[in-house]
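Sharing a structure with you now.
Chains: A, B, C, D and E, in written order; residue numbering restarts at 1 for each.
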Amino acid sequence: MSEGRGAVRVDAYLIPVVDGVAYGLLLAIAAAGLTVAFGAGGVLNLAHGTLIAAGGYIAAATSSGTWPSLAAAVALAAIAGAAGGGVLAAATAGLRGRGHLDQALLTFGVALIGGDLLTTVYGPDTLRPRLPATLEGTVEAAGHRYPVDRLAVLVIAVLVVAAGYVVLHRTRAGRLIRATVDDRAMVAGIGVNPRLVDAAVLMCAGALAGLAGALSTPILGVGPGTADTALLLSLIIVVCGGLGSVPGALAAALAVGVVQTLGVTSFPQLAPYLLVGAMTVVLLVRRRSLPGQAAA
Amino acid sequence: MSRQAGRGVAEALTTWHRSGSTWVALGVAAAAVGVVALSADAYLHATAARMLPLALLAVSVAVVTGHAGLPTLGQVAPYAAGAYTTARLALAGVEQAAVHLLTAAVAGAVLAGLLGVVLIRYRGTVFLMLSLGVAELTAITAAQWRQVSGGTDGLAGIPAVRLAPGLPPLVADRAVLLYAAAVALCATVGAVILLGGERRMLLSAVRGNEARARASGHRVTAYLWAVHTGAGAIAGIGGALLIHTHRWITPADVGFATAALALLAVVIGGAASLPGAAAGAIAVLAVRDVIAVWLPGHAPLLLGALFVAAVYLLPGGLTALSARLRPPTPSRRPNHVAHASGSPARPTARSTP
Amino acid sequence: MVATGLRHAYGYLTVLDLDTFTVAPGDRHAVIGPNGAGKSTLLNLLAGATRAQSGAITYNGQTITRRQAAWRARAGIGRTFQHPSVYPDLTVLDCVRMGGWHHRRHPERTPLEVLDLVGLIDHADVLSATLPHGHRRMLDLAVALAGQPRLLLLDEPAAGLTDAETTRLLDILDGLPSWMAVVLVEHHMDVVAALATWITVLHHGRRLTDGPADRVRADPAVAALYLGPGGDDAAGQ
Amino acid sequence: ADTTTVRVGLLVSLSGTYATVGEDMQRGFKLYLDTHGGKLGGRKVDLIVGDEGDGPATAVPAAQKLLERDRVVALTGLVGGATVDKVQTLTTEKKIPLVGANARPAFTPVGGKPRDLAYTWHTSYNSDEPGIAIAEYVKAQVGDGEVYAIGPDYQGGYDELRGFTDTFTRLGGKLANPDGKTTFTPFPSTENFLPYLNKAAETKPKAVYTFYAGAAAVAFVKQYAQSDLRDVPLYAAGFLTEGSVLTAQGPAATGIRNVLNYSPTLPNPTNQEFVAAWSAAGHTGQPTTFAMASYDAAAVLDRALAAVDGEVTGEKLNTAIGQVGRIVSPRGDWQFHPIERRPVQRWYLREVKADGPVLSNVLVQDLTTLPTT
Amino acid sequence: MLQVSDLTVGYHRDDAVLREVCLDLTAVAVHAIVGPNGAGKSTLLHTLAGHLRPTAGTVWCEGRDVTRWRPHQAARTGVALAPQGRRLWPSLTVAEHLTVTRPARHRPGSTFSVDELLEVFPALAGRLHHHGHQLSGGEQQMLTIARALHTAPRLLLADEPTEGLAPTVARQVTAVLQQLPQRGATVLVTLPHVRAAAALTDTVHVLTTGHLSHPVTASDGQAERLLRDHLTLTNPHAE
């Protein structure tokens, strides 16, 4: 009896936490592209959400419930994303040294146009790709069901984040990216063409965005609202995590995930405020020790 | 001696040139309103009038973004404060314009002042994201606080404002337009005057190099707070105009979308120019509400096109247009050779997202 | 001004640990030491740019440890920056105006006079961002002087100056009113020699030694650590 | 003036979150026109479409253009409740009949005085009616078991859920929700319903009642099937599975029982013609209640315009609408409630079943007629 | 390695900062430029490194016309700039500064290993994990030079390299610069006054408001005289 209640109490937190982690990792993938573009590459890319949506639509149109089609969907989405990133790189190349606001204006414009095109091509409906049956199912865990597709995403997310960490924080490429944001001229001064760095950064970011779209669509579906939601969440995660820091972004993503699961169910009446409130608190308390924020 | 005299003249000329263009812009604006008001088309009047609240919001954003150097999405908070205060007053039977505008301005200033105490300590991206938080919270609060805001559906059928107790309410489209234009112009002119001359120099110094300003005894935080609060008052007045021209309001009107439009309008206008910001806002709304109705369902497309075009065709914004027609002023440091700049961190440190 | 028990650390790294540091009106007090000894940190603490982690600073018998940089500046503590630091978007003249803002009603010297003093009068209208390095240093000094300080903190004012500019700098500093106190951080020993009456040598944030200028410069320990074999003359670049 | 053609304004969401609904309504109205020689009441119709966008901010300017530029004699369509709430004041000022074909908000009185509804008509229903209609049936199903109520946190959600919970509790039913109040999820930001659903499962409800539409509906249904609630029967207002969302939801939606004033499988001849015409017009899938209501709006205008002689003005048309009487409709015949100015109509219980290759909301039984006269 | 003829450079079209400057850097040696503040020393170096486009004149590199090359091309052919006023990367640590730059192995050049550099600048060894903006002024100056040296330059452009360095360190830098020719690298260094130049090399160029003199020997008073003449006729305050 009492034991039973104890069990209930454990589950009451266990499952939401597990779910929070999974959801958080899903968001981490969504934010990964922005971490690279904005956090590390210094391009405030407001078209990020649209790239995710594009990836989602492509996946939804390609994946027909078989494994090969799923693989094809993911690949296509990533490629399309990279292409989009390339377009953005070309578009923003002329804007170097004109500050973030002009980038914001441009990328937001691109986002609006892209969004309109997407709805014209794929229609205003919410789409969801068919997955192989195994992924559609659920597994039993501690007397609870858990969707397989989320577990799959969980695994992939861990891989992506690990890779991202290594690249940004452990390789020369990562250092070049950060250096380019700090002082382009001096990067050129060591024999690297900063424009190449920019292009590479935006294309990787785009590919990540497309991938994120492909991975999140089966769970959340993709529709006209997808781009905005994805962009907002990604921004929150990237900035709260501290620009350009993969571990930071990961932590932020998990936090958001847990807030969005455990938080909203534990304090239903506060639910609307929780996310933004949490972000505000994080930003207020965190020391401003971000590169580029350093006092001159 | 004579050298100094010559310099004095030169200075006088440049400053006049700077502020001069602003006044010209304001004059043009006034003229434009006049022309619109003269036309017989009620639809035109209503449309024009509906643009002015956002224009005023954009002005207030330009004050914070362009002059204080703090890119903000948070001015919708004082805007909302002004709007809902006005709406509540009107619904409670208080209908004098003067009362509305005053209370709205105060409400906006107070809220902006309170927010400023917290926000002003941050810069760049962090400030922007905090202000985004403010915008979101504003909309959420407006949706949740039903007894004041009427919930997500908002308030409709708000009684029209009266210029003075005796006079009839302002319902005729042309009258509303003229009234709104007058208020907007006065507010902008006030802001321009307050931010002119030495204060302008002071703020651009603070933007350029805070550490130096502090070391010369300037109360940087106090300056920025004052600007933020003043901008709040302008936004509050904008909110009052929103009610006076629309006579309805929903949380969406004081949410992120509005904030984003205002900020982008400011960028289009050229961050530091207040008339530019207003013009930018009007351009944005003209595309979304006037041009787009001929292409139903593709307003986003047109808006996007406008933004992209603005970036490429108007580097430095609408106001830089007039500047480029003038003889070249001493050029800025070309960014490929930043060796003249302050601390090594500077190229990124101060650049605003 | 008296500072006691000043201590500042970045993380585990203690960069300044100074029992007392005193400046009296009229002092010409030089602070020298190897790179990274903590000289600029000291100036930043005195000027309030960084908050002292421990220790107390009194100025005219008043404790100002917790006062903001701006307050101290208005109270008469002026400074220059090691990295000459001006307002990029303002003209040279406006920069000086900003410096003298709080005395604009009745200044001892008008901005133009200050510019004349530092020899930038011909550049009064150029954007300060485009000034060459050396001139920017002089402008930084001009901005500080315009603030009419009673205590002037100079961080390597002669670095990157030519002989001519250096002589001018020395003239200016000689010309300062005798009641004004000057703290000078400098690597150019000839400048120090020409100006300082008292020298403090910092090493790893601690006082290695201090005393009258000539005695300290004669001190073999200082020579070994800082000046190196060649002595003063070779240190002149 | 030209008495042989009339201008009608159709204001629907062609962009933004509700574009799907808007599309359907436009198709419905046009379908009526096309099947009636492009004429309403013997007059050629000059149909002018406006984009409602995401809400009043975009809708009101568009409405103003239709009213003042194009001088339409009637305004129809309107997806969102907030939009109707704002546009209604305009049309009333201009004395132009507003024949809404979707949401009908509560028209809360402002400043104490009730709203003037003389020029406001709807061919749809009140947001709380689906819930009222199904409550009794659900009560019968669960007996003395408890029902968990969950919905989106905005006005539409409140109305839809209130309709159910009030009636259900009045009939002696109990809600499983802790503290007996409906759970509202942030809208539209919520896309992850799993935590809510698992939380709900802990209350061991006998059934769940909900209302979602669009993207949220897709996510909700899919995740419901993955949650601990999977085996608990799900009852809903029909929009949960109406139209395109159903295809996105796929198999996960099968078995959901929901209530609406229309089902494409209704046996009456008008409906069969309607459905036939719909697929003949090349539209994918089956017609929705949105399309049907808009189709009926055209029918109403058709009859009203026929009754107006000479030049058509807002006033004349409005009085004519007041006298259209019985409307023959795919949903079964109905007429305007004299005071409420919206249909007195039957409500149906439907279940999502595979109907041939596609999923469909198949008619199960009639429920009741609302509003009761 | 470079040959400069009639170079004219300016920041805006109307006024030139450097006028018809000729300079021959083919001899692998230490070349020094002295000149008053504002003469255009930094401008010249930035031009040679490709950061500024000359308005007239040509720069030859081993027979190729490289007047309009871009900074990264210049760097790849072995031109390294240690600019005035630091220009470090705030978000990179000292260690990262030295690992992000690559000594190009495929060409002869004065390769400095990181350890060698840390020997020259022991102060940096203790700061390997500080970020660019967390260094003292002098440490930043050291890192600027170290970064340039680590690219194994064939031509090192050092803009007032000893500024802000303690005398001992300054002397060390001087020593390193003097070694470079033995390692096959040319050095072009700007200095504020002749005395400093004399400590480095025997031939100095005097740059006065955009005009570059022919090389003169530092030891005899020639250079000083050139400068003094220039000063006395520009601003009377000098003496």
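We take it that a residue touches a chain if its C-beta (ideal position, glycine included) is under 8 Å from a C-beta of that chain, and two chains touch if they have at least 3 such contacts.
Chains and their UniProt names: A, B = Branched-chain amino acid ABC transporter permease; C, E = ATP-binding cassette domain-containing protein.
Predicted, not measured: the structure shown is a model, and the values here were computed from it.
Chains that count as touching both chain C and chain D, per the definition above, are B. Farthest chain from chain E (centres taken as the mean of C-alpha atoms): D.
Using the mean of the Cα atoms as each chain's centre, the chain most removed from chain A is C.
Across A-B and A-E, the chain pair carrying more C-beta contacts is A-B. Centres computed as Cα averages put chain A at a distance of 35 Å from chain D. A separation of 40 Å divides the Cα centre of chain B from that of chain D.
Chain A and chain C have Cα centroids separated by 49 Å. For the pair chain B and chain C, the distance between C-alpha centroids works out to 42 Å. Multi-chain contact residues of chain B (touching two or more other chains) are listed as 143, 209, 211, 298, 300, 330, 336-338, 340, 342-345, 348-349.
For chain A, residues touching at least two other chains, in rising order: 116, 181-183, 185, 272, 291-292, 294, 296. Among the residues of chain E, those in touch with two or more other chains are 11, 42, 51, 71, 83-90, 132-133.
Residue ranges on chain B touching chain C, taken from their complex, read 3-4, 7, 10-11, 201-202, 204-205, 207-209, 211-220, 330, 332-333, 340-344.
Interface residues of chain E facing chain A in the complex, by the touch rule stated above, are 49-51, 70-72, 75-76, 80-81, 83, 87-92, 96, 99-102, 104, 131-133, 147, 151.
Residues of chain C that touch chain E in their complex: 10, 33-36, 40, 82-83, 119, 130-135, 155-156, 159-165, 167-168, 187, 189, 225-228, 230, 234-237.
Contacts from chain B toward chain A in the complex involve residues 65, 71, 118, 122-126, 129-130, 132-133, 136-137, 140, 143-144, 209-211, 256, 260, 263-264, 267-268, 271, 298, 300-301, 303-308, 310-312, 315, 335-338, 342-353. Per the touch definition, chain A reaches chain E in the complex via residues 172, 175-176, 178-179, 181-183, 185-194, 244, 291-292, 294.
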